[in-house]
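Shared between the two complexes below is subunit A, which pairs with subunit B and subunit C, respectively.
For the complex of A and B:
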């Protein structure tokens, strides 16, 4: 490219990036980390799907076992799934004025445990794809892995670890939800980088995806952590018997 | 409250056989994703769009507005694919930034265009399914495909509860607005936390009451619902088979013979 072209292309680039920024600013950022329908090549869709299967089978078996002992928990389980869906479809207050949503998976993992959340998360993601047009059918496997398996497991792990180390409840809930969110975001960036790294290395592509989504995802993780703390604190003060029913206060028994 | 759900019950294609619609949407979606061909994507976008809008009776503007939902994700991640930051400029253009270049190659551009079109056409397939087929019909199809019984039952219950909880949530939000619950950022956050915990509380009590009601009506581990039966039409099946095999042929032709 000759040097004289720089100014003209530069101008074009500025216009383009301006338009892009405008479009992104106006478009609801929403649940930007759901990989959209058709964005992953077929091989990756199948691969991530297969990776989910063992977790889902474990989840299904654990739910079946619980239900065999106490059949009445089925409505509670379904209500929990609907709760995750609804809480993630509500707009949370955000500083920038864009509308963002929480993922709800950290909260789910803390309340219901990671195995149950894998199944509930799968169903919620399917409903989000079909009813809200967030995510998609072919990317269901990848989204399930990042949002319903990886994120909740990290949340739950962090939460258990904090409890062992006698960290205060508020801090541990905050850390669990925020770190689970961040981990989901990293996994999704990794999934995108693995699938699309035409002209760079996988690591380079991973960095680019992380960078591009950072402005929406980093504040979201913090807000999600705060909101989760508020919800859990509210539940503990008003709903101790109900929490015992879902096994959250299991350790207290 | 959920717009897509409302629209699909009003769709003119609602009483077509659900299996047909499901097969059409999923097969076409798979062809789009596997082939990743620009020609196939264009045709699919046009056909499913026309079917949803003209045959299904979804308002055009609404449909277009729904197509913009995934745009935020599309823009951001395609920007990450399109632009490179490297020490050497590439063939399409390069903007110097200190010792580095913000640059794009011709092949990246082609890749990005292909990706955008594939993704949009895939979304249009998904929209065809969700704008014409109510969730209960989709669950019926999944049941025929031998999806685990527990999963189907959970999905049925969750689908029902979503609306119950959304109702509750919107009532709580309204009353929080009335009481100046969103007057500044700190209050808004606190209100959202209260909303979440109140919602969970309601969900648990409601689920207990619902189980009692189900027991009173002889619930024995399966929820039986009458499904309306709309037999598949031979002409429609033939059309779907014809269209999808033509698409496959086009995909193979554009991939290996051009």
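For the complex of A and C:
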């Protein structure tokens, strides 16, 4: 019996370290959070766009379902969206000597699940593409995939994993938000490398993109983790009924 | 609780501000631009084939000041919503306590 207990713990350790390795090893990528307008060939733009569609539909349905069951959760949902708005508008100087910004999608992914966040993220990306010359309409699909789908899925996965392993809530939230942020940039580097490797190999290009982004994004991911912990602490003190309704807090007071 | 909140806020400020004081020569340009520079390195023949819709409409690059205006609007919308909801929640908690 003790043996089986042992393997279970071991399995957890392996899963956790595997996830960490995946996120930290591959992901320390940085910051081209948005691929600029016109910087992906048309075929890639369309491809990434189509890839996003099922997630967006699932997101719409999931939001609809949540709101139909509990109308008052719209306050929390609005807050998750607003959090992305704020966090992704703050450009922060980093150790590499350039500025980048965070994604802010971790909070929504933890509270409402990854698909719901894809809709919230899309709204922010549209705002930035239309008004800010930041990202773009042609690259909207690729950017949505990295920031509003891949990142939140990692956040959600990391959070679920931590929960299973009985990691404390604050640490789980921190890890989920920070790793989700890093992974977003990882995906962006991959997307750029896939489309742009004419003068080198895909891996070479991927490494180059990673190198540009990783050092910048690492401290920002830590900040994102901390900020997300702060807002979750605030919500835990004041929005306990809502958090219980979505299953974030257990029933007991 | 209060102490950890203050500690976290301090840590955030430190991480964000230290590079500014340590790296005196750095430009702190945007990272998205850095991305496009790498594109030039690894795929030198590539020409961006679209320009941001707003820049196309006004026919030139978005002036820096105007860009920061839009960024502030984005922050403002977000902070406004968060503050409004948080305000309501804080009041509700007080009110719920009185009911009990």
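Following the convention adopted for this analysis, the second predicted complex is superposed on the first by the 176 of 253 C-alpha atoms of A that agree within 3 Å, B and C clash if a C-alpha of one lies under 4 Å from a C-alpha of the other, contacts with A are read in each partner's own complex, and residues count from 1 in each chain.
As a convention for this text, a residue touches a chain if its C-beta (ideal position, glycine included) is under 8 Å from a C-beta of that chain, and two chains touch if they have at least 3 such contacts.
As the structure is a prediction and not an experimental result, all values here were calculated from the model.
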For A:100, is the partner it touches subunit B (first), subunit C (second), both, or none of the two (neither)? second
Just subunit B (first), just subunit C (second), both, or neither: which does A:219 touch? second
Touching partner for A:179 - first (subunit B), second (subunit C), both, neither: neither
Could you say whether A:142 touches subunit B, subunit C, both of them, or neither, answering first, second, both or neither? neither
Please work out whether A:200 is in contact with subunit B alone, subunit C alone, both, or neither, and reply first, second, both or neither. both
For A:109 in the superposed arrangement: first (subunit B), second (subunit C), both or neither? neither
Using the touch definition from the top, say if A:162 reaches subunit B (first), subunit C (second), both or neither. neither
Partner chain in contact with A:128 - subunit B first, subunit C second, else both or neither: second
Common interface residues of subunit A with subunit B and subunit C? 30, 32-39, 41-42, 75-76, 78-79, 81-83, 85-87, 89-90, 92-93, 95, 124, 127, 129-134, 136-138, 192, 196, 198-200, 204-205, 208-209, 212-213, 216, 223, 226-227, 229-231, 233-235, 238-239
In their shared complex, subunit A is touched by residues of subunit B numbered 2, 4-5, 26, 29-30, 32-34, 36, 66, 68-77, 79-81, 83-86, 89-91, 93-96, 102, 105, 107-108, 111, 115, 118-123, 125-127, 129-130, 135, 138, 148, 150-151, 153-155, 157-162, 164-166, 169, 173, 182, 185, 188-201, 203-208, 210-211, 214-215, 221
Residue numbers of subunit C touching subunit A in their complex, please. 1, 4-5, 8-9, 11-12, 15-17, 19-20, 22-23, 25-39, 41-46, 48-55, 61-62, 67, 70-75, 77-82, 85-86, 88-90, 92-93
If we count contacts the way the header does, which residues on subunit A are in touch with subunit C in the complex? 30-39, 41-42, 75-76, 78-79, 81-100, 124, 127-138, 188, 192-193, 195-200, 204-205, 208-209, 212-213, 216-217, 219, 222-223, 226-227, 229-231, 233-235, 237-239
Please give the residue numbers of subunit A that touch subunit B in the complex, ascending. 1, 5-6, 9-10, 13, 20, 23-24, 27-30, 32-42, 45, 60, 63-64, 67, 71-72, 74-83, 85-87, 89-90, 92-93, 95, 107, 111, 119-120, 123-124, 126-127, 129-134, 136-138, 192, 196, 198-200, 204-205, 208-209, 211-213, 216, 223, 226-227, 229-235, 238-239, 242, 245-246
